[in-house]
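Two complexes are shown next, each including chain A; its partner changes from chain B in the first to chain C in the second.
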Partner chain A sequence: MDKNDKAKRQEVIETEVTMGTVHPAALEPYRVRLFVEDEIVRDAEITVGLNHRGIERIMEGLPVEKANSLTEKICGICSNSHIWNSVMVAEKGLEIEIPERASYIRIIMGELERLHSHLLYLAHGNEVLGHETFAMRLFFIRETVMELLRMIGGNRVQYGCSIIGGVRPRCELDLMRIQKLNEGMDIIEEKIGQFADRFVSDPIVMSRITGVGVLTKKDALRLAATGPTLRSTGVDMDLRRDMEIYDPFDFDIITQQDGDVKANLLMRVLEIPESIKIIRQAVKNIPSGPITDRSWEMQDTGIIKSYIEVPRGKLLHSYALEEGRVRGSIVRTPSITNIAAMQHACIGNHISDAQLAIVQCDPCFTCTDRAIKITKIEI
Partner chain B sequence: MEASTIIYSTAAVIGTLIVALFVGLWLPGIERKFIHARIQQRVGPPLSSPGFMAPLKFFFKETIVPNSPLPRLYNALPLIGLLSVFFILLFLIPQMYFLGALTSLMAIIGLLKIEELVYVFMGSLSNSIMSLSMPFPDVVKGAKHPNVPKAFLENLSAMRAFRLIAFGSFPLYIAILVPAVMTGSIFLNDIVNYQQVNGPVLFTLAGTLGAVVFFIGYMILLNEYPFAILKTKADVIEGPYMEYASKYRAYVYITRGFLMFTLGALFSVLFLGLPPNILSWSILINIAVAVIFPIFMAVFSAFSPIFTFKQFYPVVTGISLLGVLAMVVAFF
Partner chain C sequence: MSIKSYSRARAVHAMLVYTGGCNGCDIEIVNTVLSPKFDIEQYKIFLTWNPREADVLIVTGPVTKHNEKPLKEIYDAIPEPKAVIAAGACALMGGVYKNIHGDIPSEEIAGPVEEVIPVDAKVPGCAVRPQDVLAGAVAALPKLLGAK
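Now for the complex of A and B:
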């Protein structure tokens, strides 16, 4: 008994419950070990590594154009972000100024991808909550975005939009595509507004997500959380503000304060109108002119790094060019830096909420798992 | 007893059970195809698939020996559940009312308890691969807490099933006792006779409140969303049923459909005074109730997330208190 005559609670981890590597609440294979006491999670450990494909290793020595195409295969959700950033590394190294129209098209593709990623996140979150109706309706809204992406990129997953010096000619925005983009934005804006009204006014849903998976501002910074996971704790950090390409656009950086599942879900709900705002501005003000600059010449570069803000946070691509081939490629995706935050968010919650606490950080382990570390073994 | 009466009664019992089984096999399909799928604006499964074709298919599948300390007992449990539901329906048929105590509410509640208890044993006896870790202590470099005993997801569901028995099924049992309070008897025969003279219990204040409570209890007993804490995708997945394969899984599916019909028939007996009898027009009412209940249930479940205990306890407490109120009203 302590000095206030209150019984001291002893933290005892009674059992380990393992979920995964295959689990219906997880979109991808990973394992989470939950250390529980009376169904309350006292500690958690996430193990990844099952999707490992070693893309950096495959990129080594490839011609830069081929290597860039390969980066698109890193992720099925933010494929455009990977090729965009990978192309930006080359453009930075080769000092290529891309045409303004091309950068507008890249922004449109990037924001459409953010829309579809956020809608997928919301749908998956609702599925884990057990609210299949909300999940289905969000998938319906997402379908509009997917069709727009298909219209511009020619595919629903791998668009191959960005190339060194601009964007592919098939991704050019003609009047018909611009009109369809405007119509699509109207539909998404209306439907997401209706969803948001119903979502926040549902007391049972709010009861399920409020105060679950709480991540404080201090913990988020300590654990190097990034993207919406970090912004949901009140940290106003979005790389888009520092990206020159976004300078002509007026948009707000959304932050929440609570750092729980509710804050994370609302973050995405509120970021969607901001992305729509950016797309509308881009469509309205898109300059005329060429979309590709082919006047650049290949040369050797040192290690070049490029960071961009993708739907899940900060994405790093880095490589050097040697005789037009890629050397020493490094890719760091937002999910790998969010893993520690995911583990921390599980602690203190009921075991039923553990997957929700992980999902709130929007994990994409397929992105994460292609990182490799080559260690020299001395015999 | 005359031979014709025996033949008549036997035919009525067998006929009613066949109708119940037939209707019960279609109820999961009605729930999923016409309600869930319509609300969620998708095509949904074929009507016959969830309740009829799926069990039929499973009868022809290979049996997999579960990773259980008592695999035979584990595999026998769905059959025990099915039998307990079968006997509930059997005792609801008016031709069986001569059995006395077996056709009382206490027998019905006892059999329902067996059906609930089966889940505890199922969960306790299952150690599926879904929560198996490596067969050696997880001591890879940097692993946390390497020597903690491992629990299986099904064990979690067993604990939850136990909590449901202790707490979750209150609303249903309270609702079942409301007609008993009104009629002053726990025997089904008396409850039916009372309603044939005084009109259905449902159309009284106590009966209406009791019916609401019964419906919530029905959803809890069927482990339907939002009360599906025994088998949630977010953690325990299929829960106690995880390792059932082939005909044993078919029994699980058939039990669910049969339980849907049986609980509908129980409602008809207790709140409408219409026992299931193939030789009477009242069987149509039984079938209608058996169809309407899953429809209502599907509408509720489609618009709600799964509860955790944080939401489950207050809801069950509130509904139980409503049931107690119904009983108090029934006294007057």
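Now for the complex of A and C:
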């Protein structure tokens, strides 16, 4: 019983379905408790914290270059976004202007990562939906992106592309790489177009995903959802518009109205061509010149914050520098609020749709499990 | 070859357990090894999520304190004969999470995997390359097939 003497929904509902801790719906260890009445989910509770590695603690006191490459290991999907933002914190604090060519390469990497994250989401969504053919096709398209990422970054997952003052020399875009990028973009654009046609014209898939896992605009704003999850409910918010580095590029910000699984999947399908558009512009207009500026000097700074838009929402990195070492690091990833939204999206659905509602918000538990909250328990 | 080992060689089920790495290795294993390009199913290795069905356990990540007990339980639930593949730098030696500070141990990490459950094949890399996972899985097969 809580303070108002009103029983919580969890306490009156007897049937409970628990998924976890290792469950195929999300690969990662987490636990969902669904409270079910007449096969309808009435309440949901999600527990995270199983893969807490204390990255911020490990970062404390490390030299800033080491700490930057550690942030990359927060998440294997948006690894580039983490190192990019972490480097940007140091650059802001030390007032370093990076060469223009370096910022173009960073954008190309960022958008390639958005492509691979969205394709992974679509493939995973289709797999949970039960449409394996679509899933396999999307994995196959994703391989093209992974090849491009490997070509530029030298590895399929951890690229270590950004360093303070620019990008690593091995990530230089020469003519052969630019040509391969162009070819890759053509292939992806053609294949994703074919996929989109089949996807929206498949009546069975459409009827399965329409109206499932609805998140209303009000709830999304109340729970502070970010990224595509928020945009799928009709809120036009994308940090890329405010980021200086994206100024030279022309792209649209996609929004959908319904906030259900269909809106979320379509969101990603429509965002992929926008990313391709950005990459094409970047490849075409890339200025020549150096890619790394090494003329900076280390100094002490106060706490600096930096926000960027990553494939899944808004990412914050913040730390202070003291004699070249990192102090008081804070990372806040988009999934932490999207998971609250996902908990809400489960409610009111049939139990068989709960898995879809969970996947819909694109949760990433690896990057979420960092903060710990210590609460006093009174006995 | 007895009919049992004949059929066993044609239906090896692998289960993936994630124990706190960065997700890079898992995605490489599930989505690449089982997707059309690398396709481990052509070697008759299938993915399952049920430990009682599994023959091969693929473990990624440095085994965080919270994951130690679930990992042991999953290992115990798999029927004999079984093989364990540790994939990725994290699973082999704790990765950056355990070692970046030098000799100071991290309090969050119980791993590497070897200290929790016995390991038969090791696949290095951060993140593992799909080709290496294929090689590791094939290297672990004799243990399964040799047992009566």
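In this section, the second predicted complex is superposed on the first by the 358 of 379 C-alpha atoms of A that agree within 3 Å, B and C clash if a C-alpha of one lies under 4 Å from a C-alpha of the other, contacts with A are read in each partner's own complex, and residues count from 1 in each chain.
We adopt the following convention: contacts are C-beta pairs under 8 Å (C-beta built on N, C-alpha and C of every residue); 3 or more make two chains touch, one makes a residue touch a chain.
Please read these numbers as outputs of a predicted model, since none were measured by experiment.
Visitor: Could you look at A:E37 and tell me whether it touches chain B, chain C, both or neither (first, second, both, neither)?
Guide: neither
Visitor: Quick one: is A:F140 in contact with chain B, with chain C, with both, or with neither? Answer first, second, both or neither.
Guide: both
Visitor: Regarding the shared-chain residue A:G54, is it in contact with chain B (first), chain C (second), both, or neither?
Guide: A:G54 contacts chain C only, not chain B.
Visitor: Applying the document's definition of touch, where does A:Q158 land relative to chain B and chain C: first, second, both, or neither?
Guide: second
Visitor: Is A:I77 touching the first partner chain B, the second partner chain C, both, or neither of them?
Guide: A:I77: touches chain C, not chain B.
Visitor: Could you look at A:E172 and tell me whether it touches chain B, chain C, both or neither (first, second, both, neither)?
Guide: Touch partners of A:E172: none, neither chain B nor chain C.
Visitor: What is the contact status of A:E16 with respect to chain B (first) and chain C (second): first, second, both, or neither?
Guide: first
Visitor: Please indicate which partner A:K66 is in contact with in the superposed arrangement: first for chain B, second for chain C, both, or neither.
Guide: Second partner only.
Visitor: For chain A, which residues lie in the overlap of the chain B contacts and the chain C contacts?
Guide: On chain A, the overlap between the chain B and chain C contacts is residues 22-24, 136, 140.
Visitor: Quick check on the complex: what are the chain C residues that touch chain A?
Guide: 16-28, 30-32, 35-37, 49, 61-62, 64, 66-67, 70, 74, 95-97, 100-101, 106-109, 126-127, 129
Visitor: How about chain A: which of its residues touch chain C in the complex?
Guide: So the residues of chain A in touch with chain C come to 21-24, 27-29, 49-55, 57-58, 62, 66, 70, 73-77, 79, 120, 123, 136, 139-140, 142-143, 146, 155-158, 364, 366.
Visitor: Using the touch rule from the top, collect the residues of chain B that touch chain A in their complex.
Guide: Counting only chain B, the residues touching chain A are 36, 39-42, 130-133, 138, 143-145, 148-153, 156, 159, 225-226, 228-229, 232-235, 237, 302-311.
Visitor: Spell out the part of chain A that touches chain B in their complex, as residue ranges.
Guide: Its residues touching chain B are 13-19, 22-25, 31, 33, 35-36, 39, 43, 45, 126-133, 136-137, 140, 204-205, 207-208, 350-356.
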